[in-house]
Amino acid sequence: MKRTPNILWLLIAVMNICLHVSVYADDPDLSNWQAIEDQAQGQTVYFNAFGGETRINRYLTWVASEVKSRYRIDLQHVKIADTAQAVSRVIAEKQAGNDYNGAVDLLWINGENFSALKDNGLLYGPWVELQPNFALVDADKNPEMREDFTITTDGLESPWTRSQLVFYYDSELLKTPPNSIREILAWADENPSEFSYPRPPAFLGSTFLKQALLELAIVKTPLYLPVDDSDFQSVTAPLWKYLDALHPKLLRAGRYFPSGAAELRRSMADSEISLAFSFNPNEAALGIANGELPASTRSYVLQEGTISNVSFVAIPFNAQHKAAAMVVSNFLLSAQAQARGSDPEYLGSTTVLSLERLSIQDQKFFQQLDLGPAAPTNDDLSRKLQEPHPSWMGALEEAWIQRYSAR
Amino acid sequence: MLRWASLTFVLLLAVPVLLGTAISILPAFGYLPALGGNQLSLAPWLDLISVPGLTHSLSISLIAGIVTPLISLIFVFLFLASASGSKLDNWIRRLVSPLLSLPHAAAAFGLAFLIAPSGLLSRWISPGISGWERPPDLLIVNDTWGLSLLLGLIVKEIPFLLLMSLAALGQVNPAERVSMARSLGYSPTISWLKTVAPGLYPLIRLPLFAIIVFSSATVDVALILGPNLPPTLSVMILNWFNDPDLSYRFLAAAAALLQLAVSLSAIGIWIVLEKFTAYLWHRWLNAGNRSSGEILLYTIGRFGMPLVLLITAASLVALSINSFSGVWRFPASIPSSWTVQHWANAIPELLIPLTNTLFISLIATASAIVLVLSTLEYEHQQGKKSTMAIWLLYLPLLIPQVVFLFGLVVLSELLQWQANLALVIFGHLLFVLPYVFLSLSGAYRHLDPRWIQVASTLGASRSKSFFKIRIPLLLAPCLTAIALGMAISISLFLPTQLLGAGRITTITTEAIAMSSGGSRNQIAVWAIVQLLLPMLGFVAALYIPRILWRSRTGMKEIQ
Amino acid sequence: MTTAQLELQDVKISIDGLPLVEIDCTISGGEILTVMGPSGSGKSSLLAYIAGFLPPVFESTGKVCIDGNDLSDVPAQKRSIGLLFQDPMLFPHLSVAGNLRFGISSREKNKNKIIETGLKDFQLAGFEDRDPQTLSGGQKSRVALLRLLLSKPIAVLLDEPFAKLDTALRREQRKTVFDNLRNAKLPTVLVTHDHEDAEAAGGTVIELV
């Protein structure tokens, strides 16, 4: 019996050690990419990225096996429901004084989330332009590679995929799809319960709000400036008037909103709605390919253009494995990874690479892709609208929640 | 040695829960230095009041907290009252444990797939009976008043309550009481209700309180089935806690306290209902009715439980079909093509979460069983029942998870504990302990004391008696307790999510992550994996003793 | 076999202040003390007291001694006092041989031989691997007795061991038990409410109120 108290202390000590086990952060030498690659060998990268789409998960599993065989990097896809969760964690760690043992090494990010981290100095860098593959995006010709919702990236985030808001519909059920936000309301009036949009603050839902506001706002310029510099009420008044009229005509009369792109697609697949939209221009084509959506699905872009953006990956200030994170990011920019990403079996998304910068061989792969009649035409995709200033996103989301989240 | 084990047991239950709750209190009043909150203030409460739809959220939580146990209680009691020892009854009793092992999330998914406008039921009656060519625009799942939520909760809580009741039934001599009443002319169901129910109810009071708290504060089931605009309070708390704008944490803390208040109020209302019902029951008892209402009560009892089982079975069917379906357009009753692609896709993704899930549940349950056995054995050797109040045991079940886990997470961030398996296992242990204890203590304490007495008189030391007599005789209850513990651990969502910082993935966390975006088919695959695991545990618990004791007929009676 | 003396010195057992049993006597080896009384009179608690597992809810004073050694601080498993219940209490998860082996000291070298001989003596030859549940009532009782004897007790307590047997079997079993105990010169305490048992025991009879 006299021995037992010692055992108890031992247990406490062991527990304490277990709970503190960690590896201290690395400090890569940014002047030498080879040194970074060497340092990255054998590291683990916790990549926080949306995990609700099988395609994304499958793509990242492939990336993981590639970086494992090339660099012995162990890539762990931390599936999150929303980038905000990872941002929240980084901020919390900063507040707790955790400067070296961050739980997040790399995160998929853009827009207001990026601006939140950048403004608080919570991102590591600049490092992006050191990547050998960065040249392939031809940032001088494509300024959106260095700009995120009007905010400059300052080398703190590296491009990964392109997105554009594309609408898709079932041509059996809907003969002439509405070509503008206003037309959508007119059409929904005649055909209730055929349309819905994801619930803000889901990314796609908030984007719908921005898209609508871009069309409905009387003057567009305030949207490209910080929201505090404008009279929020008067700028957004037309939007709320519009939504007040639209909601009763939505699926479930606006008493329930889908949670995101996948659920919207599901509703489409079940023929609950006949019009939907997504950030992935190839959503419809991919849906048809795997049997979810009917062969009669078609995509298009609104007449006046739809929001288009680039999404990036960034490294938090306290990441434990910065070198490996940079190597992974560089790999994501490689022709091989981007090509695989355009493959409908995987991400099925649009590349950020500038095709002219690629070798003839690599170019061939991108041009081979024919996604069938369901994909939007290049003409469609050329009608792009710029993302508003990121501060508008949060403001719109909060206002929406105040107005519509209770009945 | 044993004394330290039971001390650890007590500390393990009480300290984290109380500490976690305490830590949640201060930020609720504006005090959290790490976030710049240096003064107590009521600001978080003012913010809370101005949240739109708060009253609605509170009402849903409160209603769920009361209606779920109420209906579960009615169904369970009427089932027991009308049970006649038939084959069906025995079947149901055997199914209870495996049914219990159905994780909340999987059950909720299955139910959603079953009753949604584009779900299985709807497809089966379309277009033939319903005339629907496209799914009807009905808000069923995620409905505003939380009816789907209630259904999902009830379907899960009934097996739990039944299990607890069956365990307690042995202490009230139901057979004798009922025969006595019947000999006085009372019809069977009424006899049970008048003579056994009043004795049984106090024994299942605490499990009922646990149900109240869970129903009023669940996050995972509410995410899947509960209303969205606005969501239940518990979902709001989770969202605020995860918000990148950290000032929302004050709001989350205040809401967590509010959640605690709601759950406790639900318990309070329940107690009032108890008193009222007791009064009515007395009058009913004294009125001396022998048979009025017998038919109605009997019917509900007879058909209620099978109905619940049917719903559960149908949910499982819905999940299975979805996991193998290829193209399946509405309103086809079955998929037009079948595929194993979903399973093939899932398998590489499954490996890590599966390993984690098994590892965590094994370690947590093994620790739990060692602690529980030590405590029970210590209690036995001291010769008196533990003075540890049974309330302490139930503490992790009586305080909403979202309340004290929040505090634990804040604590671990402050102490810079790495989110790792050790912390998650510890979190799981907190919840596994009460269930393992409850499951095992009845059998342990009621083991005929003469067995150990005989062993002692034959010269067996205490540990020889324990390992060679007690454990073999209690093998079946031990295995069931282990299976139950593992099932509980497998189904946990919030502890893994919060304490693991999202880095520790289990089958359940992945399934719920999928639910916000994945295809129905993928979700179905994950849900099935999620429910197969505990089922295997229960099958093992059922068959291992049978195989081991196949030439020992005496062991069948012990079970 | 040395004969031992079992002494109950001023033993008083009470519950909630109400006295239950008061007894003071000595039992020599080969003698059987019979304790009789109606249900609830504390007979079983007396046996529990002697064996060493009286529940704490009872209060007790006095001493139990074997050959002058005070057993008050000796735990039940070290007292070497055998006990036969009404039910044979054969461990259902062990075979007959397993049950018998349970009580044999680990220092014994020829356990199998001992078991074999014992079973033969009790007309149970070849029963080693049998499932205890498959034995008849009489056979079970004999195995229980053999198990007790093989554990080499220095005193024996009988708690109405014949109550569940039918008359013919009862007489037979009683004779077996008493003969064996007397031959082994074991001091025995028998608790019963059957006067025939008391007569057959042939020792002092104490009536509890």
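A few comments on the model shown:
Which chain is which? They are A, B and C, in the order written, and residues in each are numbered from 1.
Following the convention adopted for this analysis, a residue touches a chain if its C-beta (ideal position, glycine included) is under 8 Å from a C-beta of that chain, and two chains touch if they have at least 3 such contacts.
All values derive from a computational prediction rather than experimental measurement.
Ranked by how close its C-alpha mean sits to the mean of all protein C-alpha atoms, the top chain is B.
Ranking A-B and B-C by contacting C-beta pairs places A-B first. Chain centres here are Cα averages; for subunit A and subunit C they lie 80 Å apart. Put simply, the C-alpha centre of subunit A and that of subunit B have 36 angstrom between them. Distance from the subunit B centre to the subunit C centre is 48 Å, each centre being the mean of its Cα atoms. Those residues of subunit A whose C-beta lies close enough to touch subunit B in the complex are 1, 4, 7-8, 15, 18-22, 46, 48, 50-54, 57-58, 61, 76, 78-82, 84-85, 87-89, 91-93, 95-98, 101, 103, 113, 116, 193, 199, 251-253, 255-257, 259-263, 266-267, 269-272, 291-292, 294, 401-407.
Remark: subunit B residues 383-384, 450-451, 453-462, 465, 468-469, 472-473, 549, 551-555, 557-558 touch subunit C in the complex. Residues 51-53, 55-56, 75-83, 85, 87, 89-93, 102-103, 105, 131-134, 147-148, 151, 153, 157 of subunit C are the ones that touch subunit B when the two sit in their complex.
Residues 1, 4, 34-35, 52-54, 56, 117-118, 134-135, 137, 139, 142-144, 228-230, 242-246, 326-327, 329-330, 337, 345, 348-349, 412-420, 422-423, 501-503, 505, 510, 513-514, 516-520, 522 of subunit B are the ones that touch subunit A when the two sit in their complex.
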